[in-house]
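See the structures that follow.
Look for chain A in each of the two complexes below; its partner is chain B in the first and chain C in the second.
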Partner chain A sequence: MSAEPIQALVDVGKGKTTRGVLRVIILALIAGASIASRLFSVIRFESIIHEFDPWFNFRATKYLVANGFYNFWDWFDDRTWHPLGRVTGGTLYPGLMVTSGAIYHALRTLTIPVDIRNVCVLLAPGFSGLTAIAAYLLTNEMTVHNSAGLLAAIFMGIAPGYISRSVAGSYDNEAIAIFLLVFTFYLWIKALKQGSMLWGALCALFYGYMVASWGGYAFITCLLPLHAFVLICMGRYSTRLYVSYTTWYALGTLASMQIPFVGFLPVKTSEHMPALGIFGFLQLLAFLDYVRSAIPSRQFQTFLWLFAGGTFAIGLAGLVVATSAGIIAPWSGRFYSLWDTGYAKIHIPIIASVSEHQPTAWPAFFFDLNMLVYLFPVGVYLCFQKLHDEHVFIIVYAVFGSYFAGVMVRLMLTLTPVVCIAGAIAVSSLLDTYLDARSPKPEEQVAESSEKKAPKSGLKSTDKPLVGIYGLWSKSAVVAAMGVYLLLFVMHCTWVTSNAYSSPSVVLASRMPDGSQHIIDDYREAYQWLRQNTKEDAKVMSWWDYGYQIGGMADRPTLVDNNTWNNTHIATVGKAMSSREEVSYPIMRQHEVDYVLVVFGGLLGYSGDDINKFLWMVRIAEGIWPDEVSERAFFTPRGEYKVDAEATETMKNSLMYKMSYYNFNNLFPPGQAIDRMRQARLPEVGPTLSTMEEAFTSENWIIRIYKVKDLDNLGRDHISAAAFDRGLKKKRAPKKKGPRVLRVD
Partner chain B sequence: MAPKQRNTAAVAASAPSAPVTTVPIPTTTSTATTAAIKSSSSKQAASNTQAWDKVFNNITTHYLKTTPQRTKLLDAFMAFLVVVGALQFLYCVLAGNYPFNAFLSGFSATVGQFVLTASLRIQTTEANKKDFPAVSPERAFADYVVCSLILHFFCVNFIN
Partner chain C sequence: MRWLPAFLSVSLLASGSFAAKKSTEERFKSFRAKSLSSTPIKLSDPSYRELTSTPRDYAAAIVLTAMDNRFGCQLCREFQPEWDLLSRSWTKGDKAGESRLIFGTLDFSDGRDIFMSLGLQTAPVLLLFPPTVGPHAAASPDPIRYDFSNGPQVAEVVHSWIARHLPDRPHPPIKRPINWVRWISTTVISLGSITAMFVAWPYIIPVLQSRNVWSAISLMLILLFTSGHMYNQIRKVPYVAGDGKGGISYFAGGFQNQYGLETQIVAAIYGLLSLAGISLVLKVPRISDVKLQGVAVIAWGGVFFLTYGFLLSVFRTKNPGYPFALPPFL
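Right, the complex of A and B next:
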């Protein structure tokens, strides 16, 4: 796909209009290809929302479509975070929902009957087509060769690093945010090149849209000032920089403050201060520039530069003082974890517990970017060769993007665009050099000077007439090799997309022994059970991962969900899960919990279950109640995390363990119960539950739902009541000990 | 960083006779800031008061000689904006920032309008012509109007 355009351009596209038409057709095809490659999951499974966060976005979108924009803006959601509730309208990034709501209404107006679910499912692929076009535009600002832009478009369209967050059904903020990111950068470069207020204002508007869509907007907020700062340090201050930057900052900051969730952050937090600092610095520079044009004295000029430095230092000192005095909020936890990867693990387990916040493993780079990994430095090197203002941008972006992508898996997303652009520049300059069929004959080559060859080739090394590759054989060999690499790249991308990124994770697929596909649909089975068999307002307690899904699919109130805004509340759930029944029961009663949902993979060998996440629950609970929950108590004396007979007493008595393995050994012959996930043989006698009863277990036991028992009719505590039911004789309590009370630890 | 017209006349005018100092100058804001900076670094100022005087005279003569009437109007507007912004800031410091929305949008309106006007001034200045090949003065003014509209829309929306 990616090699042909150049070929075609070289062969056919001699005339300007032909080239233009071809380019439009190729771009349309690229957009189509990038959409099509994201549809694996729809074809293989169905049109369904994926994973966790998208379920919330989907639910919010449905609310928006049903209740209108103003109600959405003021939405207070009492069905999450029971009993606290959540001011949803003020704590989300509304860009995604508003976008799909607008598309939905637009299509309705055009009398195209479309389901909101399908709009949501197909939003990400649709925007990926736009991203490819934005990458084309941005790359075209970097080089004179249009082929680079087309290559960047196709790279952007199919690079797995981007596909990972934008397959059909992955209805998340990143779905539109990456398009906005690339397009904002394009507008910024355009504004900087022309020094035009209008482009700056457009850049600010799209920046505002980006702020409305994704928390990652801070990346733009830091990158543009950094670019400006680097330009200034290189002595490249220009009036164009002043016009574009100040216009962007003045309008963009105001635009970002319109979002309730962002609010006053741009003037209060440290993340946004570099932008403000550079803004002030530019004012100063503009003035100095003016004065310099008025006064010829060189001595005075140095004085002024000293003043500029002094003011900058004073501003920085003021920032530090204001931060320490608490006027400006210090860097938030997520940002600390960007500098020190160990920080989150020690201080904020809730952040570290999310797998996408982990540092990137190196194979992930190759997996997500394939050959672009090694083309990327070449592209950056070529940028160094030209080094106009826009190339400086690519270099700065490359350095920062690489750093952040190395720190956090999720930020691979922000790196991907620059990798695609730099890779495309490298490939296109290579192909331009080698695809040039014209070559001077060896005799003339000596005689003729460089003027014939130089304008055609982009590489410096070909400026000299004697150096260069003119042999048809060597040319075709290199071009063929490159073509093979490009084909391999396409194959790799398709393979990765099909195998790694197209699973909805709500529906699992497995292979039967005969090779046919078997769908495991336990999640939806269980959520449907909840929806149909429980009261409308039955509170469901589960670990926060499943909060959004329960809200979206089962439509039942939850205690905690993926929003994770209240660490204490999550720790409460963690404590309930990791403590003994006697401790958990009062907690659950206090929170009016009716059902408890756990995910158990022991029967099927499903790795993402709650026992595997259990240590995070313990850690998060320990962060709040260090003397009641202790992580160490869940490890055997040898430091192993065991679920079999060797498991510690704390582990065996924890609610999570009991709920996971309750009745599990009945499936097997006595003594043969095996947890297939952890390859552990379970003790012969399974755990007993007295404060709750099993309500539902899905087909493959992935989801187990328990009903919390009401208080005992006879006023007994649940342990003795359960013991009585099992036919055990009540133990005579020694008289001197007094009445038994419910133990509250 | 195009080499600005290095005004040799200005050097000539810096001869001691220059009677310009008495003219009430519609100073650009930034002169005010440098003045502040100057006073802050008192020891340098003390040592070369003479030089500073000369420099100051140079700037004012250059300004008065080379600035067209329309640009002066822009400068007056910018000075006005600075005064308004300073007043708002003073109020915020003295009387507290209670309606923070209102303060922010008011202050950003002045700051934003100031930088937009400064951009317009830069783009319409003859000396900067070659920095902006794509921007004619008419285009600059149209841009200015559009940007100001956007700015004030946001401010009004934000003011509560």
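Right, the complex of A and C next:
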């Protein structure tokens, strides 16, 4: 009697449909969890767009929703990069904006009143749920155990490496691109396994979507040919590979060329060449395959040699000619810096200045992946056990992805999916082994193993036949320990997300002495001031980091922004910031600058301020004007970067220094002014400004805005006009005599 | 005429001890003759003063360096061959001496006083003395200084810097000599390796097709990259550093720093954890002896637990706010 309900309970998990239903429920819960874990910032602050780039995407989305798709496609933006403007429609990846625009219109059609801002804020968490499901599908292609897929889904959902770019409000291309990346890989594996043209075409379709969304599509463009190449080298050429690869390449390349920003790059630049090369190589292999079936083998040998030699010679000659004629462009800077790691530092300071392009130190790996970072090799090793085509993919992806993640912090994002999948394979194999309720009997096992040899897989650690785990206690110990690790992983992910990745960086939070939260809202205060108090077309000069935010929040034209397409223009701003007023003023007049915005963290101890970024401005300006700006002049003779009384004259006279510390010493008793960020005591007499006047300083002095003075009414230069206003007597200039000239009669 | 005595005294001071003052043309001719036999000219205290004395109608590019092993100036030694190459190809390319540029090198051991008087703290420093008279006379007789703040420079970069400061004069291009030894050795090595491959092909094939080899290579690469090896490569971090008390500091402070040894320790920790994982998943279930299997489970499980705890404690030293830990390393 009592056994029946228990039996029924055990049987619940056995039926096929029940399992299916359970799996769907679990996946839905995982998607829910991955969305929920990204909402910290919305709950703590509000539904707001984060950081820098998302502000541009948000502004572009608003433009798309307001003006329609075709106007968006042809958008020329004259409110950025003044006076050059930017062909925005042709220089962005439209996937993100179009996606949220479509969602917005769909919801409107369903009569759900929704604000475009909320669509944008919640897009990334929504897509992270889809990414978890895509990871489930991809992992299921690797193993027979569905548990691995479910584990991969939850790992993908909460791994900080992915959360870092997909919290609510982080409205950036990566928000949808990682989903597209994983899903494209899934479709590729599916196409490859079945040799199916349909799946190949679907793969190409999602590849096209990926190209429309993120510059990181080059990762797929290089990884799929590499996978195909490794398979060919392993002697695994098959018609399946031929069909799936050629379908993907032909359709995918056509799809990618529809994006104006990409255009003809797929047939021109070197990072797309591997894909093209493998495409050609596969045609040759297919041809040889056909010839072998048609002619006798002895003739085939001769044919093969001649054919191989001829192809090689023609290919090499073609490559040399095309490169020297300039048809094939050399590697683009950003891509080149991935291979030759010293390249960016010397040649392109603008790339080196972006913190996302720095190499990754080991704590960042552990921080973003926790225990997955060492379960990852276990999973890769397990892939060697069966080594089907799809396992080769995981191995290639793992090695390739970890190299790139090591070179550039940002590419941790492309590594995370494979880490989650490999980690899930490892954990699920462990749990499968140790959660098996049936224990082998020692004596029968011996007899069984002697008669039946396990199929040889070629891996040393799997030479012996599989026996199973005997002791119940050892099973429970290992499973319990694994449970603890998994729990720790969840706690780690939550802690990291809540502490490191959920700050909007537009709004800062700090703790008051009594532990309550204090919101520092200087950025929005200052941008609001600009919006309310300046002319509609007042040009604002700032370092490029703040260009998108000024455009998005203050709606004012800017000189440079985060779309760093024109290095010279950025260097011009850098020169204006790092030169003396006499030099900067003409530059600002020429660019019709009305206001200058600087970020200053000295009062609050805010580290991301302009004085800390100042050396990059100097370096970038020095790259263009090496004779007028010199980094060396900003360092003291002992090689220190100082802002206090020991600062060099160049530093003290630079516009940036003056604007940062103008009137700062009036906040303190005489001689007590202290920069809390750099722990430096400032000189008693603060800097003076002649060519501009303070217009606005935010509550905590984080943002300071200066108005550039118009030309003097009396035709004096600003320095002497300001000196006159301060009540200094005009120095009697020596009589204008001019240089002595030797009179020759 | 008030400026004449002042000028005289300055030039007299600058020309220093040699009273027998040669004209600028004579000086250029004598240095030019020297530089044709060997360039850059190895300068000493008096010859430096002579070369740079005003008035001069020629330019002089002088590297102040410290080649002696005592100073351990890595940068000086790396730059010297590039400097020799630059001055050689410039002097050879400018047969007629139209650019009127003399290349010189002053070592610290030969010109201690010059270093003192210039107040130099670092080496190498490249000084370019522009002409003070003649058609290309510069406004100031002071030298233009080139700092090696971006590490060692190749000859081309310095060439373009000099060319920028000497406009309207010929700028002979740099001709790098063909490195015959390298060409020959590359050819020999590649031919040799092709032959060796051909002979040893039957023995190489099983290695190439062995899963064990490939799995070992992949795992090693992954461990290398995930433990921050590329960061070491790019940032050129020190292998290990002192802790200020005479001991060794194994772990760099701060989340964004690391030492070479540190990454190796971390790679070893990851490797041990992965090995424990692989053993638990693949090896232990294949042990047919009951007792042995029990011991193996305890051993690998224990290794896993302890190493993970240690890893967490290491991570806490890097990131002091990190709240999680496992028992023995609380």
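Here, the second predicted complex is superposed on the first by the 676 of 745 C-alpha atoms of A that agree within 3 Å, B and C clash if a C-alpha of one lies under 4 Å from a C-alpha of the other, contacts with A are read in each partner's own complex, and residues count from 1 in each chain.
To be clear about the criterion, contacts are C-beta pairs under 8 Å (C-beta built on N, C-alpha and C of every residue); 3 or more make two chains touch, one makes a residue touch a chain.
What you see is a predicted model, and the numbers here were worked out from it, not measured in a lab.
A.B. asks: Quick check for you: in the superposed arrangement, does A:Asn666 touch first (chain B), second (chain C), both or neither?
C.D. replies: In the superposition, A:Asn666 contacts neither chain B nor chain C.
A.B. asks: Quick one: is A:Val291 in contact with chain B, with chain C, with both, or with neither? Answer first, second, both or neither.
C.D. replies: In the superposed model, A:Val291 contacts chain B only, not chain C.
A.B. asks: Going by the contact rule stated at the top, is it chain B or chain C that touches a larger number of residues on chain A?
C.D. replies: More residues of chain A are touched by C.
A.B. asks: By the touch definition at the top of the document, which applies to A:Asp627: first (chain B), second (chain C), both, or neither?
C.D. replies: A:Asp627 sits against chain C, while chain B stays out of touch.
A.B. asks: With both complexes overlaid on chain A, does A:Thr247 touch chain B (first), chain C (second), both or neither?
C.D. replies: First partner only, chain B.
A.B. asks: Can you name the residues of chain A that touch chain B in the complex?
C.D. replies: Against chain B, the touching part of chain A is residues 194-198, 200-201, 204-205, 235-240, 242-243, 246-247, 249-251, 253-255, 257-258, 264, 267, 283-284, 286-287, 289-297, 300, 303, 307, 310-311.
A.B. asks: Flag every residue of chain B that touches chain A in the complex, lowest number first.
C.D. replies: 1-2, 4-8, 10-11, 28, 30-31, 33-34, 37, 41, 44, 51, 55, 58-59, 62-63, 66, 100, 104-105, 108, 111-112, 115-116, 118-120, 122-123, 127-128, 131-132, 134-135, 139-140, 142-144, 146-147, 150-151, 154-155, 157-158
A.B. asks: Residue numbers of chain A touching chain C in their complex, please.
C.D. replies: The touching residues are 341-342, 345-346, 359-367, 371, 373-378, 380-382, 384-385, 387, 395, 398-399, 402-403, 405-407, 426, 429-430, 433-434, 442, 445-446, 449, 457-462, 464-471, 474, 477-478, 481, 485, 488, 491-492, 495, 499, 626-627, 631-632, 637-638.
A.B. asks: Help me check something: in the complex, which residues belonging to chain C touch chain A?
C.D. replies: 121, 147, 149-150, 161, 164, 210-212, 214-215, 218-219, 221-223, 225-231, 233-235, 255-258, 262-263, 266, 269-271, 273-274, 277-288, 290, 293-294, 297-298, 301, 304-305, 308, 311, 315, 318-319, 321, 323-324, 326
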